[in-house]
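Letters A, B, C, D, E and F mark the chains as written, and numbering starts fresh at 1 in each.
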Amino acid sequence: MKVRLTSIHHFAAAHRLHNDARDAEWNRRVFDKCNNDHGHGHTYGLEVTVEGAIDPETGYLMDFKELKRVVEDRIVRHVERRHLNFDVDFLEGINPTAENIAVAFWRRLEGALPRAVLRRITLHETQKNSVVFEG
Amino acid sequence: MKVRLTSIHHFAAAHRLHNDARDAEWNRRVFDKCNNDHGHGHTYGLEVTVEGAIDPETGYLMDFKELKRVVEDRIVRHVERRHLNFDVDFLEGINPTAENIAVAFWRRLEGALPRAVLRRITLHETQKNSVVFEG
Amino acid sequence: MKVRLTSIHHFAAAHRLHNDARDAEWNRRVFDKCNNDHGHGHTYGLEVTVEGAIDPETGYLMDFKELKRVVEDRIVRHVERRHLNFDVDFLEGINPTAENIAVAFWRRLEGALPRAVLRRITLHETQKNSVVFEG
Amino acid sequence: MKVRLTSIHHFAAAHRLHNDARDAEWNRRVFDKCNNDHGHGHTYGLEVTVEGAIDPETGYLMDFKELKRVVEDRIVRHVERRHLNFDVDFLEGINPTAENIAVAFWRRLEGALPRAVLRRITLHETQKNSVVFEG
Amino acid sequence: MKVRLTSIHHFAAAHRLHNDARDAEWNRRVFDKCNNDHGHGHTYGLEVTVEGAIDPETGYLMDFKELKRVVEDRIVRHVERRHLNFDVDFLEGINPTAENIAVAFWRRLEGALPRAVLRRITLHETQKNSVVFEG
Amino acid sequence: MKVRLTSIHHFAAAHRLHNDARDAEWNRRVFDKCNNDHGHGHTYGLEVTVEGAIDPETGYLMDFKELKRVVEDRIVRHVERRHLNFDVDFLEGINPTAENIAVAFWRRLEGALPRAVLRRITLHETQKNSVVFEG
């Protein structure tokens, strides 16, 4: 009896798109307004999906509270009310596009969920844009 | 031309998490506030996804009205404004975690949809938690 | 410079509509499925609106964190994962219709917000039904 | 590093379900209110999902702006504020069920996205009904 | 103890903006794409707000089921899956802008709600546009 | 026939809460994480509500397109993908709390809407927090 659980989280963060290996003109042309000097921000939506068998004793794949605790501890408390280019250890040296953030989040969670297998990270950058990474 | 249709439903129900084979202390430790004596409740969101070929004559996989009729008849009218631990025949003896409810709903629908194959049950327990069962 | 702040909260609770002063037949006729013996439940949405002047030093009417702390402390922790007919001191003896709950919540908050005046309680019972109480 | 991007769009359109090869009685019986002479309408929600590798230089699969530009140019500007039975070249001769529209949209986008592979079209006809086509 | 109840409804309809007293050129200039010959459509959202005292015996201002029944009977069944320019008696001769529809709905409901006073009609034409009429 | 129209907009911006007249310790204590050096961000939701009479010739209070054009021109294009502490002329010297932003937006719009009276600015900072200013 395999099921998947999804836990939804939100965080408020700033970011600026920039490739340090390229010059200012290239960055401005490629990233446009997302390259503004001081950055901008989003209320990001994060969905974490895990998969596994239902434990017949509890009826749980895993307790949602436990899943939420891990996501908060490994990810959300590090990015909530932060600037993703400056304040987050595990994003150091990463150009914080939605794609790159999703991959970085995957790496933070992989292996941190003892009872379940990580299956999908969905990151909503706006209400109209989202990215999915499945490892 | 295979497509998938998803129909969304809501129902308001109470439940209490409890494993009758274990003692009160175990249940309290494992299920915490979800084990409170009188239960609590949710506005559950239910998404039913079916798959099949488009009928060239109607342009339908199946009429959404027919899909909705089956889901209402087999599931929603049995759980709407009910306590899932006491009032629902097809949940008798089942600890009503989101995982177990999703599996029970699958069994209620499997085979009841003549023109389409059941592919997925998604049950939203809160706005932050959901479970998917695909058979 | 008067503004209003609204803070949104959710809680998962069970309730049963019943007037203890009337007999079973009256209750069944008036409350129908909402009178089922074991109750049912909702993911309630609660919006608390306060009004006051912007403090020129902070730029706040009041810190949203402080507003949320008061609402959680006075209301949400008492009703989250509870049965409103049995488990909540300040609802004792009250038939928990949306209307009556909204009034009871108002009384819990009135006077508990030192920097702001309580203006409105909005309680969403389902995604289609809500009640507003303004004192 | 394969990811999927989803871009969400809305458009306001009218449609009438009708199979020109069948008589009025058949159409009325099969399509019921959706066969009313002058049609009805929806605020359709359209989700376009593409897949591909992250470009290490930009951190993008593709720029969301570019994805949106293509979807607007190939689809949305042709259907926004239109009647799908009369006003849209690429729907001519098609009975505009959600299923058929999704397939027609796929054909408009396939091959128009140079950096990414089209993976999924999701069309929300109402807030309760959606169809998915994956080619 | 005065409260307000709001009931939310949706309907799928087509409309075309047109002032029959003016010529085609004027209509095209003023209403632009909303003047297209065959019309377009929306999934309209309708919120009906009523006000009154809580009945101490029931704890209700009025039963939400009764409020919904009246709105469905007086409004929704007449506009659901219809073209507002052709199919609705009580909109005959009215240019169906959101503003005019809201006023027409008010007139359909005023006086039809025995226990409560109609206070507000909110009509959501899209997810970004709404109109409020309060009599 | 007075009605109110509401137009909804979104923008992605960064901000940092800081009172320049007070020292670092005060700012840290009062604004906590919202005082982080590089700021953070939100997908702000902005609702602009105007009031006026329905023009009998058009059936409009004013064309939603015109209302949207003014809000985009006066506000949204100045704050979209910007840092509110550095990049916005009309916010210079203002500590960008939700309260102060709402007041500043009011001043940008007041008098810019020839056919209607500005009635309300609602600014959603997160999905759980909003502020209303009515002049």
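One rule holds for everything that comes next: a residue touches a chain if its C-beta (ideal position, glycine included) is under 8 Å from a C-beta of that chain, and two chains touch if they have at least 3 such contacts.
Everything numeric here is computed off the predicted structure, so don't read it as measured data.
Counting only chains that touch, the fewest steps needed to get from subunit B to subunit E is 2. Touching subunit B and subunit D together: A. For B-D, the equivalent interface among the listed pairs A-F, D-E or C-F is C-F, as over half of the contact pairs agree by residue number. For subunit C, the chain with the farthest CA centroid is D. At the subunit A-subunit F interface, residue numbers used by both copies make up over half of all numbers present, so the two copies contact each other through mostly the same positions. The chain pair with the larger count of C-beta pairs in contact, out of D-E and A-B, is D-E. Mean C-alpha positions place subunit A and subunit C at a centre distance of 33 Å. Subunit E and subunit F have centres, each the mean of its CA atoms, that are 29 Å apart. The set of subunit B residues that touch two or more partner chains comprises 127.
According to the touch criterion at the top of this document, the contacting chain pairs are A-B, A-D, A-F, B-C, B-D, C-E, C-F, D-E, E-F.
Considering their complex, residues 10, 12-15, 33-34, 36-43, 80-83, 85-87, 126-127 of subunit D touch subunit E. Against subunit E, the residues of subunit F that register as touching in their complex are 1-9, 49, 54, 57-61, 63-65, 68.
Within the complex, the subunit D residues that touch subunit B are 17, 19, 21-22, 30-32, 94-100, 102-103, 125, 127-134.
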